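Note that chain A is present in both complexes that follow, paired respectively with chain B and with chain C.
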Partner chain A sequence: MANIAEQRIRREFKEVVKSDEVAACNIKVELVNDTYTHLRGEIMGPPDTPYEGGRFQLEIKIPETYPFNPPLVKFLTKIWHPNISSVTGAICLDILKDQWAAAMTLRTVLLSLQALLAAAEPDDPQDAVVAQQYKEHPEIFRRTALHWTSVFAKGPKKDKELEDKVASLINMGFEEHQARVALSTNQWDLTRAAEYCLS
Partner chain B sequence: MSAETTSPNNNSQPNGDGGTPSEDSAGTYECNICLETANDPVVSMCGHLFCWPCLHQWLETRRQRQTCPVCKAGISKDKVIPIYGRGNPNPQDPREKLPPRPPGQRTEPEGSGAFPNFGFGGDGGFQFSFGIGAFPFGIFASTFNFNDGRPAPPAHGSPQEAEEQFLSKVFLWVAIIFIFWLLIA
Partner chain C sequence: MLSRVYSIMAARRTQGWSAGPDYSSIAVNVRFGSHQTMYELDRAFTVGELRQKLSADHNIPLPEVKVVLAGSVLADDLTIEESGVGMQSMLFAIRTKPSATTQATRGITTSVSDSQTAPAAVPATTSNTTAGGSCEVRPGRLRVKCSVCGDGAVLVERGPGSWADVLTPGRVTGKCQSLHCEDCKPVFYFKCVEDHQGSVDGTAVALYHIRPNRRCVECITCADVLSPVVVFPCQASHVMCLHCFMEYCKVRLHERGFVQREQYGYTLPCPAGCADSYIQEQHHFCIMGCTEYERYKDFAAEECLLAAGGVYCPRSGCGQPFMVDTPGPRVVCPQCHFVFCRNCQGAVHEGDCSFQTRSSESSQDFSDPERAERAQWERQTAQTIEVTTKGCPGCGTRTERDGGCMHMVCFRCGEEWCWLCVKAWDRVCQSSHWFG
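Right after this comes the complex of A and B.
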């Protein structure tokens, strides 16, 4: 690995650990291996959003050309958000692509992701299904995102009605995650979700 | 309230803790790319400090859209200023290293008065800067013999005159075609 990348990550790592946001438990970074090429990030769901109280794990891979090229970041925790793939966790955020600047750090990237959770961009979606729901059925979107936060990100608020619907699809013999995705995609309509699973 | 809370932590104050430079004041001179104390420092027009090797690599990475890594202002190799400290421990001229650091830009002070019309640069400079525009008219001038001080036209009826007439027609047509090309292009 290029020397500059490793040295910078070392410094940034210290910076993140010392920052005020860590003290407030908003963001966290930890090492996965000793070479500083692979890190694990964590952000708190921002307040007043369906993600509030959730803890979202991120995979951060540092390219050899860092900081001249952006780190490769994706969500490990499943999340229901227009700019994040509900399947792969891939993120659509300009600063992780062409708007990257060499002065940005792990700390600013994590804070930007937190801001993305608070302000989605449905017109530049990563997950078209989620984006469509966000635009056409905002209340269903909010409940779905809240449900995903409680199931995958240890969110505090549970939605009994949605959980019961997942349970009834499981009783019909479908696998749990498949059932949840089918219901989320079909605005929590049991009949359509069952058809979706069968097709 | 906020001033009270920040002042005890602000080590960059001159009478901060002890004689050693604190971490905060050293941070003032850190390169915005490698985060180390800047080496061969240059500063952008927007005031951001970088190591020249770091900034050079950034500019090479983003050739088509060169922006300041901190504030995304427009930036280019010609628009950064090297910083020369006094006590440089390294005697080698940094510009001899690769990549070369851009040279400082030295502007003449205003109102020196030594060469009032120096900026005009003489007629040669004028001809070059207006080259495309003036070229066809130059041809007209020479075709119709507007200028004085040239050899007299050859005698009437001599073969030299016929040849020159022919040449002048050729050049006239070249000029017309050129003007036509200028109009359609």
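Right after this comes the complex of A and C.
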């Protein structure tokens, strides 16, 4: 069994490495161990989205039953997106679940994830808090996603106002990530975020 | 077509397919009317020489003796080896009227150029071998018999050109050479290349999804170009090598991921997720080997029984399958007389199932130490199941969650449910219960 999985991943690995997308630095994949069961992927945030310019690392685990079952993929880089858990990085994408087909490859998975960053599906959310913000406060969502991209994914655009708010909460004695999550969850309202941290 | 089947066999020999011991002579049965004689023939012996032998043995003028195999008269210059007979094969000698002209051939040939339609392999199925027979895929030999008398002395008007010709009786016409047969038609069937001692009628099931890979299509799974391959009946005709197909079947069987389809039985679709791509002949799953194929048959029977409204006795050590014709949840096992609740599979009870503790044996006889020990085991098993699993809200199947999110999909009934609420997955679960 493992032979089929390994043989497939070897081929797919080559396919990604040689692809035009790698040449354009849009996607990347590298080995974590020698057995091709654990890989590290990277996708570039697509243009005209709050993720633009960010580099998002992915953990890719290949099950023994690959390619009959999908690879287990999650975001290692923290991201603010309705279909990706801001806590665990778990992804809600049909092709990584019941819509997986043996004809799909690492390359198509990475490209699909990139497409997911460009077109969220808030009605099928993985992160309810983010999905609600996406629908009810689209502008705050955009700024939050942009902020997370700059902080965690080396995104180019910094948002001074939001960074100052995080700093204020840190000054009040809260841990940085806790402060950022509290502010993001509470539409960047300092008072409510502080209460959230204390509750 | 016959020659094609054989070319596949020759190709397989180099790929490690067992072709049996290489004897210099072949034992062949020749039937002439009601007489059957076994000849030990050298592989280089020609059909013409065999005809002379038959002519002398049966005292018939040489021009009137013809040798028939698989619906065709064999040409004189053909050697026994080339003709495609194997060990213990049956050849048919017929006597033609002096005026009749019968065209001899070099075996059945096909006019269809589409090589994908040529049959490639047949399994040695459990139905036609001795007990404990193999479940492997083996090359097959195409044969013809009469639909009425079952005799092989049949001449067909043309060789089959497609699987439809082979599988649908009557598409290829012909005539039985027996004197008493009227209104008969030729029926194609397959024999395994291997001799199966004790075989009932010598036939094997044709695995028509397995075909030679003449177009050199890559396996959808491993991307190797191998032959023969499984060709799925989807529009794209996706191809899978036999090794990957075997693994695909085993993985799905292990996950209980086969599906019950009315027209095809317990089967699998193309792994690319194509529409209308189910394997249509269940013997293809023999490729998994005997143990797994037996398990496949058990699962298939279970699915079939449950789909038809039947139940299995939940008492440990019984497991009797039976149909229930009484209304209400109270069910009595006809085998061990255990009375149980159809909904929760526990011992029969009053009121709601959710308040019952699961037990399959209510009475315990502690005077018998063996039974007491077993009862203890049973109780602990039941407790472990109770603690580590939850019942699917759709069908009650005890389900263990070994990771991932709270969104459960039941393998048995397909119900999508929430691990936290233990009810159907809804909008609230979708937005709030993914990770508890």
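To be clear about the criterion, the second predicted complex is superposed on the first by the 198 of 199 C-alpha atoms of A that agree within 3 Å, B and C clash if a C-alpha of one lies under 4 Å from a C-alpha of the other, contacts with A are read in each partner's own complex, and residues count from 1 in each chain.
Rule of thumb we're sticking to: a contact is a pair of C-beta atoms (placed from the backbone, for glycine too) under 8 Å apart; a residue touches a chain by one contact, two chains touch by 3 or more.
Keep in mind that this is a model prediction, so the values were computed, not measured.
Asks: Report clash or fit for the pair chain B and chain C bound to chain A in the combined superposed model.
Replies: clash
Asks: Would you mind checking which one, chain B or chain C, touches more residues on chain A?
Replies: Between chain B and chain C, C touches the greater number of residues in chain A.
Asks: Between chain B (first) and chain C (second), which does A:67 come into contact with in this model arrangement: first, second, both, or neither?
Replies: both
Asks: Answer with first, second, both or neither: which of chain B and chain C does A:4 touch in the superposed model?
Replies: both
Asks: Quick one: is A:85 in contact with chain B, with chain C, with both, or with neither? Answer first, second, both or neither.
Replies: second
Asks: Tell me the contact category for A:131 with respect to chain B and chain C: first, second, both or neither.
Replies: Only chain C; A:131 stays clear of chain B.
Asks: Per the contact definition in the header, classify A:107: touching chain B only (first), chain C only (second), both, or neither.
Replies: In the superposition, A:107 contacts neither chain B nor chain C.
Asks: Is there a shared patch on chain A that both chain B and chain C touch, and which residues make it up?
Replies: 4, 7-8, 11, 65, 67-69, 101-103
Asks: Give every residue of chain C touching chain A within the complex, in rising order.
Replies: So the residues of chain C touching chain A come out as 220-223, 238, 243-244, 247-248, 250-252, 271-273, 405, 409, 430-432, 434-435.
Asks: In their complex, what parts of chain B are in touch with chain A?
Replies: 32-36, 48, 54, 57-58, 61, 67-70, 72
Asks: Could you list, by residue number, the parts of chain A that touch chain B in their complex?
Replies: Touch residues, chain A against chain B: 4, 7-8, 11-12, 65, 67-69, 101-104.
Asks: Which chain A residues qualify as touching chain C in the complex?
Replies: 1, 4, 7-8, 11, 65, 67-69, 85, 87-88, 90, 92, 98-103, 124-128, 131-132
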